[in-house]
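We call the chains A, B, C and D, going by the order they appear; numbering starts again at 1 in every chain.
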(Lines give C-alpha, C1' and ligand atoms only; values in the text may rest on other atoms or scores of the structure.)
Protein backbone atom coordinates (compact mmCIF):
# COMPACT_ATOMS: atom_id res chain seq x y z
CA UNK A 1 0.00 0.00 0.00
CA UNK A 2 1.24 3.42 -0.94
CA UNK A 3 0.53 6.39 1.27
CA UNK A 4 1.18 9.53 -0.71
CA UNK A 5 3.62 11.78 1.03
CA UNK A 6 2.03 14.92 -0.39
CA UNK A 7 0.69 15.76 3.05
CA UNK A 8 -1.53 18.69 3.68
CA UNK A 9 1.27 20.07 5.74
CA UNK A 10 0.44 22.72 8.17
CA UNK A 11 2.17 25.99 7.61
CA UNK A 12 5.63 26.06 9.16
CA UNK A 13 5.01 29.63 10.27
CA UNK A 14 2.01 29.39 12.57
CA UNK A 15 1.31 32.67 14.31
CA UNK A 16 1.25 32.50 18.10
CA UNK A 17 -1.89 33.39 20.03
CA UNK A 18 -2.04 35.79 22.97
CA UNK A 19 -1.58 34.56 26.54
CA UNK A 20 -5.27 35.29 27.12
CA UNK A 21 -6.34 33.01 24.27
CA UNK A 22 -3.91 30.31 25.46
CA UNK A 23 -5.34 30.47 28.96
CA UNK A 24 -8.95 30.46 27.78
CA UNK A 25 -8.43 27.42 25.57
CA UNK A 26 -6.44 25.48 28.15
CA UNK A 27 -9.14 26.14 30.75
CA UNK A 28 -11.81 24.87 28.37
CA UNK A 29 -9.76 21.77 27.54
CA UNK A 30 -9.30 21.04 31.25
CA UNK A 31 -13.09 20.93 31.62
CA UNK A 32 -13.41 18.25 28.91
CA UNK A 33 -13.73 15.19 31.11
CA UNK A 34 -13.40 12.89 28.10
CA UNK A 35 -10.01 14.28 27.09
CA UNK A 36 -8.69 13.79 30.62
CA UNK A 37 -10.23 10.32 30.87
CA UNK A 38 -8.51 9.29 27.61
CA UNK A 39 -5.21 10.81 28.73
CA UNK A 40 -5.11 13.35 25.90
CA UNK A 41 -2.75 16.35 26.09
CA UNK A 42 -3.19 19.74 24.45
CA UNK A 43 0.32 20.39 23.15
CA UNK A 44 0.23 23.36 20.75
CA UNK A 45 -2.10 26.32 20.31
CA UNK A 46 -1.36 28.52 17.30
CA UNK A 47 -3.49 30.96 15.34
CA UNK A 48 -5.92 28.68 13.53
CA UNK A 49 -4.08 25.47 14.40
CA UNK A 50 -4.12 23.23 17.48
CA UNK A 51 -2.46 19.90 18.31
CA UNK A 52 -3.56 17.22 20.77
CA UNK A 53 -1.58 14.09 21.65
CA UNK A 54 -2.80 10.73 22.83
CA UNK A 55 -0.59 7.90 24.04
CA UNK A 56 -1.37 4.33 23.09
CA UNK A 57 -2.84 2.35 26.01
CA UNK A 58 -5.29 -0.50 26.60
CA UNK A 59 -7.86 2.13 27.62
CA UNK A 60 -8.08 3.56 24.09
CA UNK A 61 -7.69 0.31 22.14
CA UNK A 62 -9.95 -1.57 19.77
CA UNK A 63 -10.21 -5.35 19.50
CA UNK A 64 -6.85 -5.89 17.75
CA UNK A 65 -4.79 -3.68 20.03
CA UNK A 66 -4.64 -0.67 17.71
CA UNK A 67 -5.96 2.67 18.91
CA UNK A 68 -9.76 2.78 18.50
CA UNK A 69 -10.90 4.94 15.60
CA UNK A 70 -13.29 6.62 18.00
CA UNK A 71 -10.42 7.83 20.19
CA UNK A 72 -8.49 9.12 17.18
CA UNK A 73 -11.58 10.94 15.92
CA UNK A 74 -12.31 12.41 19.38
CA UNK A 75 -8.92 14.11 19.66
CA UNK A 76 -9.16 15.28 16.03
CA UNK A 77 -12.60 16.78 16.74
CA UNK A 78 -11.30 18.62 19.80
CA UNK A 79 -8.21 19.86 17.95
CA UNK A 80 -10.37 21.31 15.18
CA UNK A 81 -12.77 22.86 17.66
CA UNK A 82 -10.01 24.70 19.50
CA UNK A 83 -8.33 25.72 16.24
CA UNK A 84 -11.62 27.36 15.26
CA UNK A 85 -11.89 29.03 18.65
CA UNK A 86 -8.50 30.76 18.23
CA UNK A 87 -9.98 32.76 15.34
CA UNK A 88 -13.05 33.99 17.21
CA UNK A 89 -13.84 36.92 19.50
CA UNK A 90 -13.37 36.31 23.24
CA UNK A 91 -17.08 36.00 23.98
CA UNK A 92 -17.47 32.97 21.68
CA UNK A 93 -18.01 29.29 22.10
CA UNK A 94 -17.79 26.79 19.29
CA UNK A 95 -19.87 23.69 18.58
CA UNK A 96 -19.10 20.91 16.11
CA UNK A 97 -21.82 20.85 13.46
CA UNK A 98 -20.43 17.77 11.74
CA UNK A 99 -17.25 16.07 10.65
CA UNK A 100 -16.17 13.41 8.21
CA UNK A 101 -13.05 11.34 8.74
CA UNK A 102 -11.27 8.64 6.76
CA UNK A 103 -9.15 6.08 8.55
CA UNK A 104 -6.20 5.40 6.25
CA UNK A 105 -4.21 2.78 8.15
CA UNK A 106 -4.59 1.12 11.57
CA UNK A 107 -3.27 3.45 14.27
CA UNK A 108 -0.22 1.88 15.92
CA UNK A 109 1.90 3.90 18.33
CA UNK A 110 1.09 7.23 19.93
CA UNK A 111 -1.13 9.69 18.08
CA UNK A 112 -1.00 13.39 17.37
CA UNK A 113 -4.09 15.12 16.01
CA UNK A 114 -3.88 18.47 14.31
CA UNK A 115 -6.82 20.65 13.37
CA UNK A 116 -6.40 23.73 11.23
CA UNK A 117 -8.76 26.32 9.89
CA UNK A 118 -9.50 26.32 6.16
CA UNK A 119 -12.16 29.00 6.25
CA UNK A 120 -13.18 31.19 9.13
CA UNK A 121 -16.46 33.08 8.75
CA UNK A 122 -18.60 35.05 11.15
CA UNK A 123 -20.87 32.09 11.88
CA UNK A 124 -19.28 29.01 10.34
CA UNK A 125 -15.74 27.65 10.36
CA UNK A 126 -14.36 24.77 8.30
CA UNK A 127 -11.31 22.86 9.55
CA UNK A 128 -9.09 20.18 8.17
CA UNK A 129 -8.27 17.33 10.55
CA UNK A 130 -5.29 15.02 10.44
CA UNK A 131 -4.11 12.31 12.81
CA UNK A 132 -0.51 11.14 12.67
CA UNK A 133 0.96 8.14 14.47
CA UNK A 134 4.48 8.39 15.78
CA UNK A 135 6.28 5.09 16.05
CA UNK A 136 9.85 5.93 17.00
CA UNK A 137 11.06 8.45 14.40
CA UNK A 138 8.47 7.45 11.81
CA UNK A 139 5.38 9.58 11.28
CA UNK A 140 2.40 8.14 9.41
CA UNK A 141 -0.86 9.85 8.57
CA UNK A 142 -3.49 7.47 9.96
CA UNK A 143 -6.63 9.58 9.54
CA UNK A 144 -7.72 12.60 7.54
CA UNK A 145 -10.94 14.54 7.80
CA UNK A 146 -12.91 17.74 7.48
CA UNK A 147 -15.10 19.47 10.03
CA UNK A 148 -17.75 22.21 10.15
CA UNK A 149 -18.23 24.28 13.30
CA UNK A 150 -20.60 27.02 14.39
CA UNK A 151 -19.89 29.97 16.66
CA UNK A 152 -22.31 30.47 19.52
CA UNK A 153 -22.34 33.19 22.19
CA UNK A 154 -20.41 32.32 25.32
CA UNK A 155 -22.63 30.88 28.02
CA UNK A 156 -21.20 31.56 31.47
CA UNK A 157 -21.81 28.74 33.90
CA UNK B 1 -35.61 24.92 17.04
CA UNK B 2 -37.64 22.25 15.35
CA UNK B 3 -36.37 18.70 15.24
CA UNK B 4 -38.36 16.84 12.63
CA UNK B 5 -39.86 13.71 14.02
CA UNK B 6 -39.71 11.93 10.69
CA UNK B 7 -36.97 9.67 12.06
CA UNK B 8 -35.23 7.11 9.98
CA UNK B 9 -36.80 4.51 12.17
CA UNK B 10 -35.25 1.17 12.20
CA UNK B 11 -37.41 -1.69 11.09
CA UNK B 12 -39.63 -2.97 13.87
CA UNK B 13 -38.99 -6.52 12.74
CA UNK B 14 -35.24 -6.99 13.11
CA UNK B 15 -34.21 -10.58 12.49
CA UNK B 16 -32.29 -12.23 15.30
CA UNK B 17 -28.75 -13.50 14.76
CA UNK B 18 -27.48 -16.96 15.67
CA UNK B 19 -25.95 -17.65 19.08
CA UNK B 20 -22.60 -18.07 17.34
CA UNK B 21 -22.77 -14.58 15.84
CA UNK B 22 -23.90 -13.15 19.19
CA UNK B 23 -20.95 -14.76 20.94
CA UNK B 24 -18.45 -13.70 18.30
CA UNK B 25 -19.56 -10.06 18.40
CA UNK B 26 -19.74 -9.90 22.19
CA UNK B 27 -16.22 -11.34 22.42
CA UNK B 28 -14.94 -8.74 19.99
CA UNK B 29 -16.68 -5.92 21.87
CA UNK B 30 -15.13 -7.13 25.14
CA UNK B 31 -11.69 -6.69 23.59
CA UNK B 32 -12.38 -3.03 22.73
CA UNK B 33 -10.59 -1.37 25.62
CA UNK B 34 -12.05 2.02 24.71
CA UNK B 35 -15.65 0.83 24.99
CA UNK B 36 -14.98 -0.62 28.45
CA UNK B 37 -13.06 2.49 29.51
CA UNK B 38 -16.01 4.70 28.48
CA UNK B 39 -18.48 2.40 30.20
CA UNK B 40 -20.33 1.54 26.98
CA UNK B 41 -22.67 -1.49 26.86
CA UNK B 42 -23.57 -3.58 23.84
CA UNK B 43 -27.32 -4.02 24.32
CA UNK B 44 -28.83 -5.45 21.13
CA UNK B 45 -27.46 -7.47 18.23
CA UNK B 46 -29.88 -8.05 15.36
CA UNK B 47 -29.36 -8.96 11.72
CA UNK B 48 -27.87 -5.78 10.30
CA UNK B 49 -28.57 -3.65 13.36
CA UNK B 50 -26.69 -3.17 16.65
CA UNK B 51 -27.26 -0.90 19.66
CA UNK B 52 -24.73 0.40 22.17
CA UNK B 53 -25.56 2.43 25.29
CA UNK B 54 -23.48 4.97 27.15
CA UNK B 55 -24.39 6.54 30.48
CA UNK B 56 -23.69 10.20 31.10
CA UNK B 57 -20.72 10.73 33.44
CA UNK B 58 -17.94 13.24 34.01
CA UNK B 59 -15.58 10.81 32.24
CA UNK B 60 -17.34 11.30 28.89
CA UNK B 61 -18.19 14.99 29.20
CA UNK B 62 -17.18 18.07 27.26
CA UNK B 63 -16.56 21.51 28.74
CA UNK B 64 -20.23 22.35 29.37
CA UNK B 65 -21.18 19.06 31.00
CA UNK B 66 -22.87 17.54 27.94
CA UNK B 67 -21.60 14.24 26.58
CA UNK B 68 -18.56 14.86 24.35
CA UNK B 69 -19.32 14.53 20.65
CA UNK B 70 -16.28 12.25 20.43
CA UNK B 71 -17.84 9.76 22.84
CA UNK B 72 -21.17 9.82 21.00
CA UNK B 73 -19.38 9.25 17.69
CA UNK B 74 -17.24 6.44 19.15
CA UNK B 75 -20.25 4.36 20.20
CA UNK B 76 -22.00 5.11 16.90
CA UNK B 77 -18.91 3.94 15.01
CA UNK B 78 -18.75 0.70 16.99
CA UNK B 79 -22.51 0.09 16.58
CA UNK B 80 -22.20 0.45 12.81
CA UNK B 81 -19.14 -1.76 12.69
CA UNK B 82 -20.84 -4.62 14.51
CA UNK B 83 -24.04 -4.17 12.49
CA UNK B 84 -21.91 -4.68 9.38
CA UNK B 85 -20.24 -7.73 10.92
CA UNK B 86 -23.59 -9.48 11.46
CA UNK B 87 -24.00 -9.64 7.67
CA UNK B 88 -20.61 -11.19 6.93
CA UNK B 89 -19.21 -14.73 6.80
CA UNK B 90 -17.70 -16.04 10.05
CA UNK B 91 -14.09 -15.60 8.90
CA UNK B 92 -14.48 -11.83 8.51
CA UNK B 93 -13.32 -8.76 10.29
CA UNK B 94 -14.55 -5.28 9.54
CA UNK B 95 -12.69 -1.96 9.46
CA UNK B 96 -14.20 1.51 9.37
CA UNK B 97 -13.16 3.20 6.13
CA UNK B 98 -14.79 6.51 7.03
CA UNK B 99 -17.82 8.06 8.62
CA UNK B 100 -19.59 11.40 8.64
CA UNK B 101 -21.72 12.52 11.55
CA UNK B 102 -23.86 15.58 12.27
CA UNK B 103 -24.45 16.65 15.83
CA UNK B 104 -28.03 17.93 15.94
CA UNK B 105 -28.44 19.04 19.54
CA UNK B 106 -26.21 18.89 22.64
CA UNK B 107 -26.31 15.42 24.16
CA UNK B 108 -27.91 15.58 27.60
CA UNK B 109 -28.81 12.39 29.45
CA UNK B 110 -27.78 8.84 28.63
CA UNK B 111 -27.11 7.88 25.02
CA UNK B 112 -28.08 5.00 22.80
CA UNK B 113 -26.34 4.57 19.46
CA UNK B 114 -27.81 2.44 16.72
CA UNK B 115 -26.05 1.39 13.56
CA UNK B 116 -27.89 -0.33 10.75
CA UNK B 117 -26.88 -1.62 7.37
CA UNK B 118 -28.09 0.23 4.29
CA UNK B 119 -26.12 -1.78 1.77
CA UNK B 120 -24.11 -4.90 2.33
CA UNK B 121 -21.72 -5.91 -0.44
CA UNK B 122 -18.98 -8.49 -0.74
CA UNK B 123 -16.27 -5.96 0.09
CA UNK B 124 -17.98 -2.75 1.22
CA UNK B 125 -20.82 -2.07 3.63
CA UNK B 126 -22.64 1.22 4.19
CA UNK B 127 -24.39 1.89 7.51
CA UNK B 128 -26.62 4.57 8.90
CA UNK B 129 -25.75 5.79 12.38
CA UNK B 130 -28.05 7.46 14.86
CA UNK B 131 -27.52 8.52 18.46
CA UNK B 132 -30.52 9.12 20.70
CA UNK B 133 -30.48 10.67 24.16
CA UNK B 134 -32.91 9.32 26.73
CA UNK B 135 -33.89 11.80 29.39
CA UNK B 136 -36.60 10.12 31.42
CA UNK B 137 -39.25 9.00 28.93
CA UNK B 138 -38.16 11.47 26.24
CA UNK B 139 -36.04 10.31 23.31
CA UNK B 140 -34.23 12.88 21.19
CA UNK B 141 -32.05 12.23 18.15
CA UNK B 142 -28.79 14.00 18.99
CA UNK B 143 -26.58 12.79 16.15
CA UNK B 144 -27.06 11.27 12.71
CA UNK B 145 -24.43 9.90 10.39
CA UNK B 146 -23.34 7.54 7.66
CA UNK B 147 -20.43 5.12 7.60
CA UNK B 148 -18.48 3.05 5.09
CA UNK B 149 -16.78 -0.19 6.15
CA UNK B 150 -14.58 -2.76 4.48
CA UNK B 151 -14.49 -6.50 5.08
CA UNK B 152 -11.05 -7.97 5.74
CA UNK B 153 -10.07 -11.60 6.36
CA UNK B 154 -10.07 -12.60 10.01
CA UNK B 155 -6.63 -12.33 11.57
CA UNK B 156 -6.20 -14.73 14.44
CA UNK B 157 -4.15 -13.31 17.27
CA UNK C 1 -24.79 -8.01 -3.15
CA UNK C 2 -27.55 -7.41 -0.68
CA UNK C 3 -29.19 -4.02 -0.46
CA UNK C 4 -31.11 -3.87 2.79
CA UNK C 5 -34.68 -2.91 2.20
CA UNK C 6 -34.97 -1.14 5.54
CA UNK C 7 -35.18 2.19 3.73
CA UNK C 8 -35.24 5.45 5.55
CA UNK C 9 -38.71 5.88 4.23
CA UNK C 10 -40.11 9.29 4.22
CA UNK C 11 -43.23 9.84 6.25
CA UNK C 12 -46.34 8.80 4.36
CA UNK C 13 -48.14 11.87 5.68
CA UNK C 14 -46.13 14.80 4.34
CA UNK C 15 -47.86 18.09 5.07
CA UNK C 16 -48.57 20.28 2.04
CA UNK C 17 -47.03 23.73 1.74
CA UNK C 18 -48.92 26.91 0.91
CA UNK C 19 -49.38 28.06 -2.67
CA UNK C 20 -47.03 30.95 -1.90
CA UNK C 21 -44.23 28.60 -0.82
CA UNK C 22 -44.88 26.39 -3.86
CA UNK C 23 -44.61 29.40 -6.16
CA UNK C 24 -41.49 30.76 -4.47
CA UNK C 25 -39.66 27.44 -4.69
CA UNK C 26 -40.70 26.73 -8.27
CA UNK C 27 -39.53 30.21 -9.30
CA UNK C 28 -36.15 29.61 -7.65
CA UNK C 29 -35.81 26.18 -9.29
CA UNK C 30 -36.58 27.74 -12.70
CA UNK C 31 -33.60 30.05 -12.23
CA UNK C 32 -31.20 27.14 -11.66
CA UNK C 33 -29.67 26.91 -15.10
CA UNK C 34 -27.94 23.63 -14.23
CA UNK C 35 -31.20 21.85 -13.36
CA UNK C 36 -32.74 22.93 -16.68
CA UNK C 37 -29.57 22.00 -18.58
CA UNK C 38 -29.63 18.51 -17.05
CA UNK C 39 -33.36 18.13 -17.72
CA UNK C 40 -34.28 17.81 -14.04
CA UNK C 41 -37.92 18.28 -12.92
CA UNK C 42 -39.15 19.44 -9.53
CA UNK C 43 -42.00 17.02 -8.90
CA UNK C 44 -43.12 17.32 -5.26
CA UNK C 45 -42.86 20.04 -2.64
CA UNK C 46 -44.05 19.08 0.84
CA UNK C 47 -43.33 20.51 4.26
CA UNK C 48 -39.71 19.56 4.83
CA UNK C 49 -39.51 17.21 1.84
CA UNK C 50 -38.86 17.80 -1.86
CA UNK C 51 -38.45 15.46 -4.85
CA UNK C 52 -36.59 16.06 -8.11
CA UNK C 53 -36.56 13.68 -11.09
CA UNK C 54 -33.91 13.19 -13.75
CA UNK C 55 -34.30 11.05 -16.84
CA UNK C 56 -31.43 8.93 -18.06
CA UNK C 57 -29.79 10.39 -21.18
CA UNK C 58 -26.35 10.56 -22.81
CA UNK C 59 -26.06 14.13 -21.47
CA UNK C 60 -25.92 12.95 -17.85
CA UNK C 61 -23.94 9.73 -18.36
CA UNK C 62 -20.56 8.56 -17.15
CA UNK C 63 -18.12 6.43 -19.13
CA UNK C 64 -20.08 3.16 -18.84
CA UNK C 65 -23.47 4.57 -19.72
CA UNK C 66 -24.81 4.80 -16.16
CA UNK C 67 -25.95 8.16 -14.83
CA UNK C 68 -22.93 10.15 -13.62
CA UNK C 69 -22.62 10.30 -9.84
CA UNK C 70 -22.23 14.05 -10.18
CA UNK C 71 -25.66 14.38 -11.78
CA UNK C 72 -27.26 12.20 -9.09
CA UNK C 73 -25.59 14.26 -6.37
CA UNK C 74 -26.62 17.54 -8.01
CA UNK C 75 -30.33 16.73 -7.94
CA UNK C 76 -30.02 15.37 -4.39
CA UNK C 77 -28.32 18.60 -3.31
CA UNK C 78 -31.07 20.71 -4.85
CA UNK C 79 -33.82 18.53 -3.35
CA UNK C 80 -32.32 18.94 0.12
CA UNK C 81 -31.89 22.67 -0.35
CA UNK C 82 -35.52 23.21 -1.28
CA UNK C 83 -36.71 20.88 1.48
CA UNK C 84 -34.84 23.12 3.93
CA UNK C 85 -36.35 26.23 2.36
CA UNK C 86 -39.92 24.99 2.98
CA UNK C 87 -39.25 25.26 6.73
CA UNK C 88 -37.96 28.84 6.68
CA UNK C 89 -39.54 32.30 6.82
CA UNK C 90 -40.38 33.90 3.46
CA UNK C 91 -37.43 36.30 3.51
CA UNK C 92 -34.88 33.46 3.56
CA UNK C 93 -32.43 31.94 1.18
CA UNK C 94 -30.54 28.75 1.80
CA UNK C 95 -26.96 27.77 0.96
CA UNK C 96 -25.43 24.31 1.05
CA UNK C 97 -22.66 24.26 3.66
CA UNK C 98 -21.62 20.70 2.85
CA UNK C 99 -22.92 17.28 1.99
CA UNK C 100 -21.70 13.71 2.05
CA UNK C 101 -23.09 11.08 -0.25
CA UNK C 102 -22.50 7.35 -0.71
CA UNK C 103 -23.10 5.75 -4.09
CA UNK C 104 -24.53 2.31 -3.34
CA UNK C 105 -25.01 0.83 -6.81
CA UNK C 106 -24.53 2.13 -10.35
CA UNK C 107 -27.50 4.29 -11.36
CA UNK C 108 -29.35 2.63 -14.22
CA UNK C 109 -32.72 3.99 -15.35
CA UNK C 110 -34.34 7.27 -14.42
CA UNK C 111 -33.60 8.83 -11.05
CA UNK C 112 -35.67 10.42 -8.33
CA UNK C 113 -33.92 12.35 -5.57
CA UNK C 114 -35.62 13.11 -2.30
CA UNK C 115 -34.35 15.46 0.37
CA UNK C 116 -36.01 15.69 3.77
CA UNK C 117 -35.32 17.71 6.85
CA UNK C 118 -33.92 15.94 9.91
CA UNK C 119 -33.39 19.02 12.01
CA UNK C 120 -34.45 22.55 11.29
CA UNK C 121 -32.86 25.28 13.40
CA UNK C 122 -32.85 29.05 13.19
CA UNK C 123 -29.51 29.11 11.36
CA UNK C 124 -28.66 25.54 10.37
CA UNK C 125 -30.68 22.76 8.79
CA UNK C 126 -29.67 19.12 8.36
CA UNK C 127 -31.24 17.03 5.61
CA UNK C 128 -31.16 13.42 4.58
CA UNK C 129 -30.69 12.76 0.88
CA UNK C 130 -31.69 9.68 -1.06
CA UNK C 131 -31.59 8.89 -4.76
CA UNK C 132 -33.73 6.08 -6.14
CA UNK C 133 -33.56 4.62 -9.62
CA UNK C 134 -36.78 3.51 -11.24
CA UNK C 135 -36.39 0.78 -13.81
CA UNK C 136 -39.88 -0.23 -14.81
CA UNK C 137 -41.71 -1.06 -11.58
CA UNK C 138 -38.51 -1.67 -9.61
CA UNK C 139 -37.17 1.01 -7.27
CA UNK C 140 -33.57 0.78 -6.05
CA UNK C 141 -31.80 3.13 -3.66
CA UNK C 142 -28.67 4.12 -5.58
CA UNK C 143 -27.30 6.88 -3.32
CA UNK C 144 -27.74 7.99 0.27
CA UNK C 145 -26.38 11.09 1.93
CA UNK C 146 -26.59 13.83 4.51
CA UNK C 147 -26.41 17.58 4.04
CA UNK C 148 -25.93 20.72 6.14
CA UNK C 149 -27.44 24.03 5.04
CA UNK C 150 -27.37 27.58 6.33
CA UNK C 151 -30.13 30.16 6.18
CA UNK C 152 -29.15 33.55 4.78
CA UNK C 153 -31.29 36.66 4.35
CA UNK C 154 -33.00 36.92 1.00
CA UNK C 155 -31.05 38.99 -1.50
CA UNK C 156 -33.31 40.56 -4.07
CA UNK C 157 -31.80 40.68 -7.52
CA UNK D 1 -14.66 36.50 6.16
CA UNK D 2 -11.16 35.13 6.31
CA UNK D 3 -10.11 32.31 4.08
CA UNK D 4 -6.91 30.81 5.42
CA UNK D 5 -4.20 30.73 2.84
CA UNK D 6 -2.63 27.60 4.28
CA UNK D 7 -3.85 25.63 1.30
CA UNK D 8 -3.37 21.95 0.98
CA UNK D 9 -1.21 22.75 -1.96
CA UNK D 10 -0.53 20.05 -4.38
CA UNK D 11 3.06 19.04 -4.72
CA UNK D 12 4.97 21.32 -7.07
CA UNK D 13 6.78 18.30 -8.45
CA UNK D 14 4.00 16.09 -9.78
CA UNK D 15 5.38 13.10 -11.66
CA UNK D 16 4.17 12.74 -15.24
CA UNK D 17 2.24 9.69 -16.32
CA UNK D 18 3.01 7.55 -19.35
CA UNK D 19 1.45 8.31 -22.73
CA UNK D 20 -0.57 5.10 -22.36
CA UNK D 21 -2.10 6.26 -19.09
CA UNK D 22 -2.78 9.72 -20.57
CA UNK D 23 -4.56 8.16 -23.52
CA UNK D 24 -6.57 5.75 -21.39
CA UNK D 25 -7.79 8.49 -19.07
CA UNK D 26 -8.58 10.93 -21.86
CA UNK D 27 -10.58 8.25 -23.66
CA UNK D 28 -12.55 7.54 -20.51
CA UNK D 29 -13.21 11.24 -19.91
CA UNK D 30 -14.45 11.62 -23.50
CA UNK D 31 -17.08 8.97 -22.78
CA UNK D 32 -18.45 10.91 -19.79
CA UNK D 33 -21.45 12.53 -21.42
CA UNK D 34 -22.04 14.73 -18.37
CA UNK D 35 -18.57 16.30 -18.51
CA UNK D 36 -19.04 17.14 -22.20
CA UNK D 37 -22.57 18.43 -21.59
CA UNK D 38 -21.29 20.76 -18.83
CA UNK D 39 -18.39 21.90 -21.00
CA UNK D 40 -15.72 20.57 -18.63
CA UNK D 41 -12.12 20.13 -19.82
CA UNK D 42 -9.54 17.67 -18.55
CA UNK D 43 -6.44 19.88 -18.36
CA UNK D 44 -3.72 18.04 -16.41
CA UNK D 45 -3.00 14.39 -15.67
CA UNK D 46 -0.13 13.75 -13.28
CA UNK D 47 0.77 10.78 -11.11
CA UNK D 48 -1.93 10.84 -8.43
CA UNK D 49 -3.26 14.28 -9.40
CA UNK D 50 -5.74 15.43 -12.05
CA UNK D 51 -7.25 18.83 -12.92
CA UNK D 52 -10.55 19.60 -14.63
CA UNK D 53 -11.73 23.07 -15.65
CA UNK D 54 -15.26 24.39 -16.03
CA UNK D 55 -16.18 27.79 -17.47
CA UNK D 56 -18.96 29.81 -15.91
CA UNK D 57 -22.11 29.80 -18.06
CA UNK D 58 -25.89 29.95 -17.60
CA UNK D 59 -25.96 26.17 -18.19
CA UNK D 60 -24.11 25.46 -14.92
CA UNK D 61 -25.63 28.22 -12.79
CA UNK D 62 -27.78 28.20 -9.68
CA UNK D 63 -30.56 30.67 -8.91
CA UNK D 64 -28.29 33.64 -8.10
CA UNK D 65 -26.01 33.30 -11.09
CA UNK D 66 -23.12 31.60 -9.29
CA UNK D 67 -21.95 28.20 -10.47
CA UNK D 68 -24.20 25.48 -9.02
CA UNK D 69 -22.59 23.53 -6.20
CA UNK D 70 -23.61 20.37 -8.03
CA UNK D 71 -21.50 21.29 -11.05
CA UNK D 72 -18.50 22.15 -8.88
CA UNK D 73 -18.86 18.84 -7.04
CA UNK D 74 -19.25 16.89 -10.30
CA UNK D 75 -15.91 18.08 -11.72
CA UNK D 76 -14.24 17.54 -8.34
CA UNK D 77 -15.59 13.98 -8.23
CA UNK D 78 -14.29 13.25 -11.73
CA UNK D 79 -10.89 14.82 -10.97
CA UNK D 80 -10.50 12.62 -7.90
CA UNK D 81 -11.63 9.53 -9.78
CA UNK D 82 -9.05 9.99 -12.52
CA UNK D 83 -6.33 10.87 -10.00
CA UNK D 84 -7.03 7.51 -8.35
CA UNK D 85 -6.94 5.75 -11.71
CA UNK D 86 -3.41 7.02 -12.45
CA UNK D 87 -2.15 4.92 -9.52
CA UNK D 88 -3.78 1.66 -10.62
CA UNK D 89 -2.84 -1.21 -12.92
CA UNK D 90 -4.01 -0.90 -16.55
CA UNK D 91 -6.84 -3.41 -16.19
CA UNK D 92 -8.60 -1.32 -13.54
CA UNK D 93 -11.68 0.81 -13.34
CA UNK D 94 -12.54 3.04 -10.42
CA UNK D 95 -15.89 3.79 -8.81
CA UNK D 96 -16.68 6.57 -6.34
CA UNK D 97 -17.75 5.00 -3.05
CA UNK D 98 -18.57 8.33 -1.43
CA UNK D 99 -17.42 11.90 -1.06
CA UNK D 100 -17.94 14.80 1.28
CA UNK D 101 -17.53 18.38 0.17
CA UNK D 102 -17.75 21.76 1.89
CA UNK D 103 -18.70 24.83 -0.12
CA UNK D 104 -16.63 27.65 1.36
CA UNK D 105 -17.74 30.66 -0.70
CA UNK D 106 -20.11 31.13 -3.65
CA UNK D 107 -18.34 30.14 -6.87
CA UNK D 108 -17.95 33.19 -9.09
CA UNK D 109 -15.81 33.01 -12.23
CA UNK D 110 -14.42 29.93 -13.92
CA UNK D 111 -13.60 26.88 -11.85
CA UNK D 112 -10.67 24.49 -11.65
CA UNK D 113 -11.07 21.26 -9.69
CA UNK D 114 -8.09 19.27 -8.52
CA UNK D 115 -8.16 15.79 -7.07
CA UNK D 116 -5.10 14.21 -5.53
CA UNK D 117 -4.42 10.89 -3.90
CA UNK D 118 -3.87 10.81 -0.15
CA UNK D 119 -3.71 7.06 0.19
CA UNK D 120 -3.61 4.47 -2.53
CA UNK D 121 -4.30 0.89 -1.49
CA UNK D 122 -4.93 -2.31 -3.41
CA UNK D 123 -8.71 -1.95 -3.14
CA UNK D 124 -9.45 1.52 -1.74
CA UNK D 125 -8.12 4.96 -2.59
CA UNK D 126 -8.71 8.19 -0.66
CA UNK D 127 -8.44 11.53 -2.46
CA UNK D 128 -8.53 15.14 -1.45
CA UNK D 129 -10.67 17.40 -3.61
CA UNK D 130 -10.37 21.13 -4.05
CA UNK D 131 -12.19 23.56 -6.31
CA UNK D 132 -10.64 26.95 -7.03
CA UNK D 133 -12.33 29.86 -8.79
CA UNK D 134 -10.22 32.03 -11.05
CA UNK D 135 -11.47 35.56 -11.40
CA UNK D 136 -8.83 37.41 -13.38
CA UNK D 137 -5.55 36.83 -11.55
CA UNK D 138 -7.22 35.99 -8.24
CA UNK D 139 -7.57 32.37 -7.16
CA UNK D 140 -10.01 31.50 -4.37
CA UNK D 141 -10.65 28.08 -2.87
CA UNK D 142 -14.44 27.70 -3.17
CA UNK D 143 -14.86 24.06 -2.17
CA UNK D 144 -12.85 21.44 -0.31
CA UNK D 145 -13.63 17.78 0.09
CA UNK D 146 -12.54 14.19 0.55
CA UNK D 147 -13.44 11.13 -1.47
CA UNK D 148 -13.24 7.34 -1.17
CA UNK D 149 -12.94 5.19 -4.31
CA UNK D 150 -12.84 1.48 -5.00
CA UNK D 151 -10.91 -0.33 -7.71
CA UNK D 152 -12.92 -2.74 -9.85
CA UNK D 153 -11.74 -4.98 -12.70
CA UNK D 154 -11.98 -3.37 -16.12
CA UNK D 155 -15.19 -4.28 -17.94
CA UNK D 156 -14.73 -4.15 -21.66
CA UNK D 157 -17.77 -2.92 -23.51
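Miscellaneous remarks
What we mean here is this: a residue touches a chain if its C-beta (ideal position, glycine included) is under 8 Å from a C-beta of that chain, and two chains touch if they have at least 3 such contacts.
No experiment lies behind these values; they were computed from the predicted model shown.
In this structure subunit C contacts its sequence twin subunit D using mostly the same residue numbers, the overlap exceeding half.
When the CA atoms of subunit B are superposed on subunit C, the rotation angle comes to 180 degrees, reported as a multiple of 5.
Subunit C has its Cα centroid 27 Å from the Cα centroid of subunit B.
If you average the CA atoms of subunit A and of subunit B, the two centres end up 23 Å from each other. Rounded to whole angstrom units, the spacing between the C-alpha centres of subunit B and subunit D is 33. Looking at subunit C, one finds that residues 97-98, 100, 102, 126, 146, 148 touch two or more other chains. Taken as a contact graph, the chains are fully connected, with every chain touching every other chain. Against subunit A, in their complex, subunit D makes its touches with residues 1-4, 6, 8, 10-11, 48, 87, 100, 102, 104-105, 116-122, 126, 128, 141, 144-146, 148. Across the complex, subunit C meets subunit A through its residues 97-98, 100, 123-124, 126, 146, 148, 150. Listing the residues of subunit D that touch subunit C in their complex gives 28-29, 31-35, 37-38, 57-64, 68-71, 73-75, 77-78, 93, 95-103, 106, 155, 157.
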